[in-house]
Structure formats: structure tokens, C-alpha cells
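Each chain carries a letter (A, B and C) given by its place in the written order, and its residues are counted from 1.
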Amino acid sequence: MANSAAVMIAVDNDANAQSQSPEEWRQSLRMIEAMLFASAEALAAEDLASRLPEGADVAGLLADLKETYATRGVNLMQVAGKWAFRTAGDLKFLLAREAVEQRRLSRAALETLAIIAYHQPVTRADIEEIRGVATSTGTLDVLLESGWIRMRGRRKAPGRPITYGTTEAFLTHFGLDTVADLPGVDELKAAGLLDSRVPANFTIPEPGATEGLAPDEDPLDEADLLGDSTPR
Amino acid sequence: MTAAAPTSEQDQEKIWEAYAVLDRGASDSALVVDVDGFEGPLDLLLELARSQKVDIARISILALADQYLAYIEKIRSLRLELAADYLVMAAWLAYLKSRLLIPEVSDGEEPTGEELAAALAFRLQRLEAMRDAAARLANRDRLGRDIFSRGDPEPVAITRKNEYSATLHDLLAAYATQRQEKAIAVVTIGARAVWSLQDARHALTRLVGHVAEWTPMEVLMSPYLSSLGMRRSVTASAFGASLELVREGKLELRQTEPFAPLYVRDRTPLALVSSETGNG
Amino acid sequence: MANSAAVMIAVDNDANAQSQSPEEWRQSLRMIEAMLFASAEALAAEDLASRLPEGADVAGLLADLKETYATRGVNLMQVAGKWAFRTAGDLKFLLAREAVEQRRLSRAALETLAIIAYHQPVTRADIEEIRGVATSTGTLDVLLESGWIRMRGRRKAPGRPITYGTTEAFLTHFGLDTVADLPGVDELKAAGLLDSRVPANFTIPEPGATEGLAPDEDPLDEADLLGDSTPR
């Protein structure tokens, strides 16, 4: 029974947690389980901690719970820096009837989304440079409307072009904890393919964090935030 | 890498049609690539590179340039219109080819043919990497399609609770102020019970013609003196009104000494002297 | 670890289910878990069976799962013959959140409260008589909600109007030992709260006892105690 492994680990964790008795540990696990199960949205560790007994080892409890559920039909996942129960990926065939209709992205939109995700912060010109095609306004609109990308700021460069990045909703939808978890991001970085320049001068930019601004980024102007979301 | 000016996405359609024609018309072509359409010259180059069936990283840029140029030539021979950026790319590749074929001495300023080729290879690799990334992203287990959150989340019941605050000082100040205001308000209401001069005149006028004998004012006004607080007001107003009526020649007044009862009667034509006494 | 018991039972059940190997049994458990988790409503055993491998022992699987979750933060429950995960009864409190809003009493409420404090037991008509304005239901509601006033009884008078008085919480909040500690005319004057020129006949009452009933008071009717607390 694969479950026994999880139980073993849980017991080990119990032994490690000096501040909580096994009974308290078990009760805290139950509480986290209940809160995460009840919510459709992911919950931050701090939110969970605020409802647990003072001094509870939330990180340890979550690790324990994740282990326990790893082999089950419902898994504990880290998405967008938060925690959530989700059905196991291999059981998707069972759940087709629960599926909500997905926004169908055109190939151009999907490619643009990938470029924004891996290269963020990027300007429209950056995207066009990578794709070798002009980006139609519609493509960025669709992505902005989906809530998966957002205007992050303005590049500190002539014309102060708007920079784009991904959102928390993007991470949640694609089941990513952070943009550093994008598939193959490390290999791409190592190959210099996330660089905006030829690999001759080999500086590899990190795909910037989704929060905060890059060193060459300014915050958005007030007008950017007020006006319609479509950049000219 | 400025050679490939971006082409609009509408133009792709034209190219796609062109390609479809080409595909049908030239089945012997070595360049049969089965794709929906090209998104610009870079996309076309990438597809051509893929058709070489080798790792893009080790592609021969020279061979690729030849392929592209041959392909463009083919389309032109079919007299199909080509978007400008495809032609610009063709010109640029022809230039690149010449730089690669003719050994050159680097002057340190201009990039060498190898550098230009490397830059193109990089762009192709990067575009391909992004294509792959997009596919991997699209094929991830996506929320609401492949993996699911709780279908029947249990709502968090939020009970609103108001907590009121007030100090003892607030309380006492409110009480004292209110009681004090009310105490003053009683006086104000009392003032409202004034018998106006007009009321008095109205009452007296109705009596004119019916008071032949000297009659004490108090007796005439007795119906109005009933309410306790009104006495002063009635007396004062009746006196005032009676003076007006005397001046108008309708009544006569008589008072024997200060604060003595005031007598009233209708004015008789002979009673001219009596009116002098009305000065109480 | 309570979970080991569940594991034991699962193993027992595995042994009983001849049609399914332990691996198949485990997989079926995972499937049920995922289906129940993702479903927007409770599912009948037949619904589950129709999506499980042919011949799966649904009743046995459900019993196993119910046992597994019995000690956890979420339980497998049967609701109207159908199955659903629900937060464990003892953890329901985690799903309730109290939003406390700090509010200041309005001038009208303060006046009314003070009148109730000094003049108790008072009826609504008494309050209106003293204030010289009609008292809105809202004002008394707010004061009842604050917990500072309560319905004491009913005046022995035509219409048997409800009488109001202050509570323990009132004394606690305002730092008073008894209502008799509320300052009198002289003290109010000394504190500058009353004008020294108030009419000589101006008096304020000595507040009566907060406990027990006044001679002209009846206890509240049973209906007063049961129904909604808002007197009409």
C-alpha cells in the first residue's frame, strides 16, 4: 500500500516537530486539510497559519500533507505561491464532464503568451523581434482579457514602451508555483535562448519575477492604469 | 537582426494561400512542408530548417539560405504576390550568402558573415524554443480542463459583527446637552402661547357696538384669560389693541389711577373728554 | 497515527475484493476520491460505478474511503443517499469568519443610551418624551446590538409597553460599578457639561436598580424572549 509510506513520513515529521505533540500535529493537519479542502481557491501559508494554533509548523505540516496526498486521487499542489488541493493529473480522463469550456487560444496568442512568460518583462517590440512578425492588437487583447498577462510597467528606454508579464491567474491556470517552474526554463536559460541578444555576449536574464519591477522597468503611468488596456 | 521586417498577421493568410497553391502545383518540390501557414519570413525559414531534419542548432545556414531563395523564386515563378518582408529577407539572405562564400578580412566594425549567420541561427533556435515552450505550456495539466479544484467548495460564512465604542464623556455630554436643550425648548414653546395684538384687536372689534356701559376690560377678556400662562399676554395685547381702537374712534377707555382696572365702552358722540384718560 | 488503522482496513478490503488486485483497488479509490472532490454535487454510488472499471466493488470502496477519511479534516459523508466530502463537524468553525467592524454611536443613539441609563426603566414613549423627538427603531436596535441595553420588562400601563434598562456590559464598558455612579446635576455642572444657568427646577433622576423589576414593571412575556428582539 503506497499509503503506508506517506504514513511513515508523517510519523517522522511528528517526531521532528518538538513544539507540537503528535496529537496536536494530527489536529493541525486536520485543520489545514479542512481549510484547503473547503476552498476552491489556493490559500497562502500565512492564511492557514492565522487559523492554526500559535507556533504551528505550517511548512512542516504542509509538506507532511503533500506527501500523504501525493499518491491519492486528490493532490496537494503549490500554485502561485499558495496551496490548493487539485485532482490528480492522471485522472483527467474521468473528469471530462467537469471540464469547463476553455478559451481557445490561436497559435499566435499561445506563442505570444509563452514569450511573455519566459522572457518577462517584455515589450511588444521584444515579442515581435522574437516571433519575426508584427503582433496584432487582438492577440495582446485576448491575453489581457484572459487575465493571464498584465501590463507590468514601462521599459526605461526611448519611447518608454509598456512591458508585459504574467499574472497569478496564469500560474494558477497552468499549475505553476512561480515562473521559475515553467517547463524547461532552466535548459532554455542555460542555452542562452531566453536572452534578447545573440549568445555571443552571453548574459542570461532570469525570467523576471512576476511581482516587482526589473532594473530597467518603470512603474506604469497613471494614464496606463486608467485608460483602456490596449496599448497603441 | 533587422532584415526581417515584421509582416502583419493578415498577410500570413495570403502566404498561406500562396503556399497551398505551391503545394498543389509543385508536388515535385523538395520543399513540401505541411503547415497551416507561415507567420512571416522567420517562420518560413524555421519550417525550411526543420525540413532538413537535423538539429536546428547544427543547421547549415548557407543551405538554408539557398532553400529560402529557391522557394521564393518558385513562388515568384507562379506569379504570386509576396509580402515585402519576404522579399527583404530574400535580399538579406542573398547578401549573407555572398558574405559567407567570399572570404573576408574582418575590419572589426562590420559583423562577419559567420557572425551574421550565427545571429540568424540564434533567432531560429529561439523561435523554435518558444514554439516548444508554447506547446508544453498548452499541454500542461490545466485547471478546469485536466485538473480540478473542489467542485462544491464549502463557503466561508462571514458573520459581520459591529463593535461600538463610546466613552463615558461622550455619553454624559450627550445627555447633559440634550437635557439642557430640552429645558430651553420648553421656554420656547411657552412663547408660542402669545395672544397677539392682532388676536386682541379681532376680539375687541367683535365687541364694538355692544358695550354701551363702562365695563372692566378684564370682564370683556375673560373668555381668553382662562389658560393660566396667557394672562399677561392677553392683558397686554388687549390694552394695545384697545388703544388702537380708541385712536380710530371706536372705543373709549377709562382708568382712575395706575394699575386700577381699565374700563371700556363704545364711543358715544358726547364722550369726547373721556378718551384723555386712556394713558395707563 | 490514526491513518495506519485506515490502511489496515484498506488492506483487509483488498483481500476481500477478489475481482480487483490491490493495485486496481487503490486506483479505484483514487478515482472515487477525484470524482467526489471535483463534483459540484453529491454523487450516487451508481454514478461512481458507471465511471469505474467494470465490476468494481463500489460499496466496498466507499466503505474503505469512508474509514480512511473518518479521522481526517474532511469526511466522506452520505447525504440523502449520495456521497460527498464534507468538512469534519468539529472543524466547521474554521469556515466561519467574524468580520468585526468598529463603529461609533450616533448622537441620537448616545442620547437614547444616556436617557435609558439615567431614567431606567424607561419605555420608548418615555424616551421620546424626554428627547422631544420620535426614536427610530434603528436607534434602539443599534443599542440592543451593542449589548449595552436590554429589554427589562413591561410597564404596568395601558398597552403594556416594553421597558428598557442597561446591562452589565454597559457598566463594564463605561467603567461604572453601578448606575448609581452616574454623575448628578452638580457633578455635571462641575465637569462643565451642564450650563450653570440651567433652571433651578432642572433635575436628573437617580438611576434605579439595573437588576430586578420596578414596582410598576411586569416581567417580559414569553413571546418577547422568543421572538425577534426588535420591539415594534
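Quick notes on this structure:
Convention: a residue touches a chain if its C-beta (ideal position, glycine included) is under 8 Å from a C-beta of that chain, and two chains touch if they have at least 3 such contacts.
Keep in mind that this is a model prediction, so the values were computed, not measured.
Using the average of C-alpha coordinates as each chain's centre, C ends up farthest from subunit B.
Geometrically, the chain at the heart of the complex, using CA-atom means, is B.
Per-chain Cα centroids separate subunit A from subunit C by 39 Å.
Rounded to a whole number, the gap between the C-alpha centres of subunit A and subunit B is 31 angstrom. For this pair, subunit B with subunit C, the centres built from the Cα atoms lie 36 Å apart. Contact with two or more other chains is made by residues 37-38, 85, 87-88, 95, 98 of subunit A.
The set of subunit B residues that touch two or more partner chains comprises 148-151, 154, 156. Those residues of subunit A that touch subunit C in the shared complex are 1-4, 6-7, 10-11, 14, 22, 26, 29-35, 37-38, 51, 68, 71-74, 85, 87-88, 91, 94-95, 98. Considering their complex, residues 37-41, 84-89, 92, 95, 98-100, 102, 105, 107-108, 110-111, 113-115, 117-118, 128-134, 136, 139, 172-175, 182-184, 188, 191-193, 198-200 of subunit A touch subunit B.
Across the complex, subunit A is touched by residues 1, 4, 6-9, 12, 36, 39-43, 115, 118-119, 122-123, 125-127, 129-134, 136-138, 140-151, 153-154, 156 of subunit B. Against subunit C, the residues of subunit B that register as touching in their complex are 148-152, 154-168, 170-180, 182-183, 185.
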